[in-house]
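The structure appears right after this line, and notes come after that.
Letters A, B, C, D, E, F and G mark the chains as written, and numbering starts fresh at 1 in each.
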Amino acid sequence: MSLVLALCTALLFSLGTWLLLQRRLTRIIIGLGLIGHGANLLLLLSGGRRGVAPFIGQIGERTPADPMPQALALTAIVIAFGVTAFLLALAYRSWQLTGDDLVEDDLEDRRIAATRSTASDEEVADQRELSAAEAALESSTGGAAPLEEAE
Amino acid sequence: MMRVLLPLPVVLPLFAAGCSMAAARRRWLQRLIGIAALSACVAAAVAILLHADREGPAAAFMGGWDAPVGISLVADRLTGLMLVVAAPVLLAVLVFATGQPGTEKEQPAFHPVYLVLAAGINLSFLTGDLFNLFVAFEMMLTASYVLITIGGRRDQVRTGMTYVVINLIASTLLVATIGLLYAATGTVNMADLAGRIGHLPGGVRVAFALLLFVVFGIKAAVFPLFFWLPDSYPSAPTAVTAVFAGLLTKVGVYCLIRTQTLMVAPGDRPIGFMLAIAALTMVVGVLGAIAQNDIKRILSFHIVSQIGYMVLGIALFSVAGLAAAMLYLVNQIVLKSTLLLTAGIVDHAAGSSRLAEVGGLARRHPIVGWLFLLPALSLAGIPPLSGFVAKLSVIDAGFADHAWIAVGVAIAVSILTLYSMTKIWGGAFWGEVEVVAEPSDAMSRRYGATAPMLASTAALVVLSLALAVFAGPLLELCQRAAADLLSPTAYISAVLP
Amino acid sequence: MLIALVMAPLALGLALLAGGRALGRRSFAVAAVAPFAVLVAAAASAGRVLDERPLTASLGWVPALDLSIDLRLDGFSLLFVLLVAGIGTLVQLYAGRYFGAEREGLHRLAGLLLVFTAAMLGLVSAASLLTLFVAWELTSITSYLLIGWTDGDPKARASALQALLTTGLGGLAMLGGFVLIGQAAGTYDLAALAAHPPTGTVVEVGLLLVLVGAFTKSAQFPFSAWLPGAMVAPTPVSAFLHSATMVKAGVYLIARLAPIFAEQGAWRPVVLAVGSLTMLTGGWRALRQYDLKRILAYGTVSQLGFLVVLFGAGFPEATAAGVVVLLAHALFKAGLFLVVGVVDHQAHTRDIRRLGRYGPGWAGPMAAAVICGASMAGLPPLIGFLGKESAYDAFLHGDIAGGGVVLAVLVGGSVLTFAYTARLLAGAFRPGVWTEGIAEDAEAAIDPPPAPRWSFWAPAGLLATLTVLLGLVPGLASKLVDVAAHDLDPSGEHVHLALWHGLNPALALSALTVGLGVLLVVGGAVLARLQQRLPDTAWGEQAFLGAMRGLNRLADRSTGLFQSGSLPVYIGVILLTAVVVPGWALLQAPMPDLPPLVSGPGDWAAAALLVGGGIAAVVVKHRMAAVLCLGAVGYGMALVFALQGAPDLALTQVCVDTIGAVVFVLVLRHLPTWFADVPSRVSQASRLAVSAAVGVFVFAFILVAVGVRVDPTISTEFIARAYEEGGGRNVVNVVLVDIRGFDTMGEITVLAVAAMGVYALARLSRRDRRASTPGASR
Amino acid sequence: MMDVAAAVLVVAGAALAALSGIGQVRFADLFTRMHIATKPATLGLLLVAAGASLRIDSAGAATLLFLTVVLQFATGPVSAHLVGRAAHRHGDWDRRNAAVDQLAEVDEL
Amino acid sequence: MTAPTVRPSTLGRGAIALWLVVMWVLLWGDLTLPNVLSGTVIAIALVVAFPPDDTNDDPVVVRPIKALGFLLWFLWALVLTNVAVAKEVLAPASRSDIHPAVVAVPLRTTSGRLATLVANAITLTPGTLTIDARGRPAVLFVHVLSFESVEATRAEVADLERRIVEAFGTDAEVARLGAGAEAEEADAS
Amino acid sequence: MRRSLILDVVVRLVFHSALLLALFLLFTGHNRPGGGFVGGLVVGAAISLRYVAGGIDEVRQVLPLRPWTLLGTGLATATTTALVPLAFGRQLMDHGLYERHVGFLGELHLSTALFFDIGVAQVVVGMVLLLLVSFGERLPTFGAPWLLRRQP
Amino acid sequence: MIGLAIALSLIAVGGAGFLYRLLVGPSLADRVVSLDGLLTLIVTAVLAWGAFTRTGTYLTLGVVVALVAFLGTSAFARFVEGRRR
């Protein structure tokens, strides 16, 4: 544990975050990589001390490093590796389909956010029930049409 | 006994996954392996629950390393309950998938990945070690990444990116949290942590509690951390969405329950914060559902909304509240899976799940109508279905603890839930018959889906009805489990004798 | 016994729903068996019940929530059970005539009617609030399905939705109220509540919530709009649910609770005000309808208001009067509906401007209609008259605040009732009374409809007969009414129904009512002009539509706001939450001691690599170069690992980093070389802010967490035991394969799965066959 | 004595490493930098390994170091060749100063 | 001094297997019977599982004395290289004599392995860097830092090639080299 | 992309050594730096080198195993190792330690953890292989006469 | 120990040079070369450190890095090679 390494961890998180907030999958992957490194460093630092490699018979009088964070970090590294490979496959597939690795906005969400705020109710396709209810109201307040056609 | 039993729900599917991978070219063998393994999980889960309920929490120590040195699997009532509910859902969805044209038949990866998903879910419930929980999450999530993009359509890739990236961020946060916890306490065993966190200064304890809440909150999809869910779930193949909807977020909720009760001292619990989050989750989720026009999307937003009820139950930190949350959890697992399977059947029978494109299904395929209607009403909390009991228990617990506003919101939201369920019913099941494309096989044209699809969905519907019939014993079980959670000495002493 | 009473229709109904398709129209005949059996059984147990020995039954369900199916058949319940089962039987028989054999889905209709019957029976025989609620919601749902039975018609769907949402909202409010009351009282049992009524603010709020439920269900102002809308349902359904039974559920509940809670809080003012308002507005609006069913529907609304006033007032006389009015209303309203159905069926219209000319053979239905109508208008010697009379009497003698006003309202309402009854009967059976809004051509009037078969109108006839019979011989129902009223409010004196009470103020009021009514009918043209000038008071409808529109808009707005669909926004929000929420708590943590600047000179070198590589990875615009910079960070990590005593980690890091880089290269070689700038929804400034916040948070939390460590770590055990028990000198490896080998097992699974995922994605064909249909994911 | 030798070797190796790094900054042309990068780094590693093998007497230390050096010698130039080839093809180097470029002549054929 | 003639493939496998055994023992750092035995088993298994003779190449033989001589010469050249580099790096920019060029150098040996060895050696010797190798017999393309003339570069490489072929080439290779040298001399004269 | 003589030759020379190194790391992992992961990764690196030199065809030719099989058996091996102790009344994954004097070979130390590590390595190798197969493209043997088989 | 300090400082100087080149480029080849050089220097440093502290633990790192660095560099060189400017 040292101040410099703690700062490095923080910086890795910061830089990674910066990249995560972009729209290129490659950058996001790199950002995740940086954050992953940061997290591993954090794990390592959580051991709290610097020491010699924890090998039975070689430690002698010296302080051994904490083996626990090492094992945890190792697991985290390997998992991150697998997942990164998968993300790259996504980028690859995205390239196959669109020729780019842009993370597109969700279409349905955009549609709802864009059309609904401007359009009136009548223009929105799915409000069939509501307009039917309005028609029913029409007929109840003076319209002539009977509600149910006879059997 | 538990030594053998506890690891089985994890290791069996993993072993089966290995075999399934090796048998990548023989689909029938893969099916056999998958169904056999998951059936065995059902049996093991039931045995675990019975044992946990009768004898109290039990632990198994991996590699014979006693806690907190090694990894321990712990089963208390909550764990047993979750396993018992998850196992049949997993099995049913797998059966559904085998009856569905598409993914399962075309992708040799489906079965092994699905089995890993099952193992990951089960491990999340079982593990008594925080880092192992991370590993379980990763198993589950990696499998889910694969499943959500399997098929590689353009929209899947797009939404897959959102899903994967957000979950990776959550995972990284979890690792960081574990690192920080280890730095502060020197252990990652949850039972051990329970004791050690108490020695930390106050601000740090609260910070850890909130950090854990946020970390698992992302997985559980609470406000404002849920955005990824409705964007990504609907694009996965139906069976996959069903199991995601039923189980993945619920694993997050399980973890919320577990960590907030076990590792957070009563004085440090962010009760007000959680209540606010719960209310916002319910409202924003259900409003999202109302705004949607696709069955799967509506249901996806409902996942979010319903999570709010569970958080509400948890936030009360009373026996009644936690029991209500658990009951809700159990219900939602079954209901959400069922509803999404039904959405899949709609999609299969009519060629689309968009409300504007389909209609009149109840008349065309009455069976499908029932398969939707019952769980949908249950979801909306209509008595005497199981969802009602769950909702009643939440309201009851909330009023008992004077959480007036949150419960008021919960009640108001449930009418909105009903509204959006009728939106599906009115849009897809009522009206003139409209279809985009007809399925190709005769069975599907007549009944709406193939036999495995119908049978598995019907089995889940029956399960949900059974949950209603046996709601009494179930709630009592939940209350016992909740009492365990609130005084976790038995849990801790099972792990650290 | 009691449970079988409820379950029998339910079971038969479900059976019909499941397998009745082949029965077609005969489903109704089959279905009629169940309510008839109930009727018989109820009649058989009447003696015992009228002896004030109620039947009870209980079925445990969820004891932890006090949730159980508790049934109790007392006098009041018996009255309802008889009505529900009796009218249910008639309606089923009637429906068998009403529908053509070619109609599809009749078995569903019959089955749903049975399910509704069961729910209604359960509702009226519920002994606890929660049981009542269960049945209550079931009636809402079956009503929804029944209104929407002609689901091809969007109006039917809309009305069904409106009915469901209105009653559902009320139902949920009511549930909240029940729970509040139940928790205050410690029980949901009605008898126990009556014995020991809870008090307090919570209970008062709970009562108001319960009233909301009752008002919505019984279509009280301002929730009455759904009931006229529900008239799109087939007439048998309207007759059964929306006049005789379901809409009385709210009245039933008020009747049950009023004797217990009438004195509490705002109960009485609220109930009386709402009931009065409903009675008047309902009657008023009935006067401007041209559709027979709608006239009846608004009439029902008005009468329900009447009932709410009577039962809600909560003193014995009013309650007793309520029981009579209730009985009367069920008989005449169902009868009228059935006749209207006959007319509609034969004439193919219900518009009073087109009806009126009939051929021979219509005497029977007409007589039934007139009798029922007269009962509705409160003319002697019919049961309706008895009811109104006793209501006037009750409020003349009742000792409650504002009793006079209520009495005036009752009279006014009755006048309106008289008027719309006249409108109904005249409109239906006399031609050319109303012609507004219809073009005066030949099409307006229709050919005389063919006469119905006697079996078609017989149910209506039976109801009319009962109306007369009970009016003439009140003693037939006297005992039932007495016991019902007494079971509701044991404090009251016994009731004896009689046609003639002598000359008293009530009779005078009746006479006044009739007189004013006749005036209103005669001055029909004036009234019509008045109505034309006044705006229609369709507040309920407007409110519902406005609420729905607002809800949809709110939903769109909120969803558009939160669900922006943009990944960077999501990530930003999530990270910010993750930082701010715990960070806020962290501010309360003690200031940590700062660790040494470096733990060894190597730290500087590693830091240089990490920082340099990291910044470069962010800044560089060349894709591959960015990957190389990430590689440099990885090597920097390896250096850190080596320095910190973690050779295994260093080894793994180097290998993973390099193989990872190979995979990067394999993918990125396809993608454009340079990062082109793309617009993002997240501005540079907010990006910077989030990044900085994350960094600061991580830094602070590390320092704090390391600074507060209190205990020895569990890893000291690792070093002590790795060799003896694990058999290895490399402690980290022992941890990986043995102590925490379970993690490793999960980890290789992750690898295998990720690899398969890569394969599944990358080996797909390049064409996206289904790209154009994003929803079609199967 | 051995320790002194080892120290000298290690420092000499480190000096070479420093040299190659300085070269990276000083020279403007890619190939020149590659010359500077390949050779000193390889020899530097050899020297340091030699020094280390004198100091560390644990089992297999020397042999592992030997293997390291052998592998480094086998692979280092190949890496340089590949990078050089790619860079040449890509035109990343300072072509204008080159007296002759016979590879370009071949490629243009 | 000639090496025994063995069938090339056998030599290849045997040599690799032998090297593997040696390496195994080196890795364990312990010359014990179990180590040697297990090494042998593993080496044979590896060689059988992954047959190394999948290229069409001339065999490599080792002439120990010349090989040692080459090795020493090479190390010395490496030191010289580094001295040269050091000078170059530390000298002021004005005194730098960098005149880069890329020269094609045809080799005479047909053995791919030897050509590779030559190419690597070129990279590690002063002022030269192999960029590419094409064809068979290979033509090396060498980047020269201080270019004087094409001939000078080729002569330097030819010298290197000769040393290597004499140390590791088959008799036929050596003979061809000699013939080539004679031809070159004839050319020169 | 033209093949490279130098790369081809060196990769072939290094390949076996790398495999041996991987085995060494695998076997000594319990006592020295190394282990299943690193072992597997080194094998993966060796395979990747073959891939870099000769494309996916060369990898297939060198290692004619289906990566799926490798992944599956690896996972099955690891889980079996974990499951076996259950049958002997011990906890899951409780590795046994067998020390026996085997004739002239001396002491044999064998932990069943080794089998677990082998499974781990298998999975890692299978993964790398599958990645290469997924992203891999064929490299033509263009300009590589040294790869042509000598006519018999 | 002074030797160690000197050696490490020297290596650090070299590393700084490579790092500079990695960050500045300008070409990808430059970055590849410098990354390779950095890795070699890291190994050198670790070995030097091992030499002075007499620890053999990290020696394996050298062998593996020699192999793996080769892979990284050659992969970059080869797969970027095909792209012309």
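We take it that a contact is a pair of C-beta atoms (placed from the backbone, for glycine too) under 8 Å apart; a residue touches a chain by one contact, two chains touch by 3 or more.
Since the model is a prediction, treat every value here as computed from it, not as a measurement.
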Seminar exercise, completed: Neighbour overlap between chain A and chain D returns F, G
Exercise. Is the C-beta contact count larger for E-F or for D-G?
Worked result: D-G
Exercise. What chain lies farthest away from chain C once each centre is taken as the mean of the Cα atoms?
Worked result: E
Seminar exercise, completed: Distance between the CA centroids of chain B and chain C (whole Å) is 26
Seminar exercise, completed: Distance in whole angstrom between the CA centres of chain A and chain F is 34
Problem set entry | Mean-CA-position distance for chain C and chain A (Å) | 36
Problem set entry | Whole-Å separation of chain centres (CA-atom averages), chain C against chain E | 86
Exercise. Which chain B residues sit where two or more other chains touch them?
Worked result: 11, 14, 17, 21, 62-63, 112, 131, 135, 138, 142, 145-146, 149, 152, 154-155, 157, 161-162, 165, 169, 176, 180, 182-183, 188, 231, 291-292, 294, 426
Exercise. Which positions in chain C touch two or more other chains at once?
Worked result: 154, 157, 161, 552, 556, 559-560, 563-565, 567, 571, 575, 604, 615, 647-648, 651-652, 655-656, 658-659, 662-663, 666-667, 698, 702, 705-706, 709, 713-715, 718, 728-730, 736, 738-745, 747, 749-759, 761-762, 764, 768, 771, 774
For this session: Could you list which residues of chain A touch at least two other chains?
Result: 13, 20, 28, 38, 40, 42, 45-48, 52-53, 55, 58, 68, 72, 74-75, 78-79, 82-83, 85-86, 89-90, 92-93, 97, 103, 106-109, 112, 116, 128-129
Exercise. Where do chains touch, given as pairs?
Worked result: A-B, A-C, A-F, A-G, B-C, B-F, C-F, C-G, D-E, D-F, D-G, E-F, F-G
Exercise. What residues on chain A touch chain G, complex-wise?
Worked result: 52-53, 55, 58
Exercise. Which residues, counting only chain G, touch chain A once they are in their complex?
Worked result: 55, 57-58
For this session: Flag every residue of chain F that touches chain C in the complex, lowest number first.
Result: 25, 29-38, 41-42, 44-45, 48, 52, 67-68, 71-72, 74-75, 78-79, 82, 92-93, 95, 97, 109, 111, 113, 116-117, 119-120, 123-124, 126-128, 130-136
Exercise. In the complex of these two chains, what residues of chain F are touching chain G?
Worked result: 1, 4, 7, 14, 18, 21, 25, 32-34, 38, 42, 45-46, 48-49, 52-53
For this session: Spell out the residues on chain E that touch chain F in their complex, using ranges where they run on.
Result: 16, 19-20, 23-24, 27-28, 32-34, 37, 42-43, 46-47, 50, 52, 54-57, 112-113, 115-116, 119-120, 130, 132-136, 138
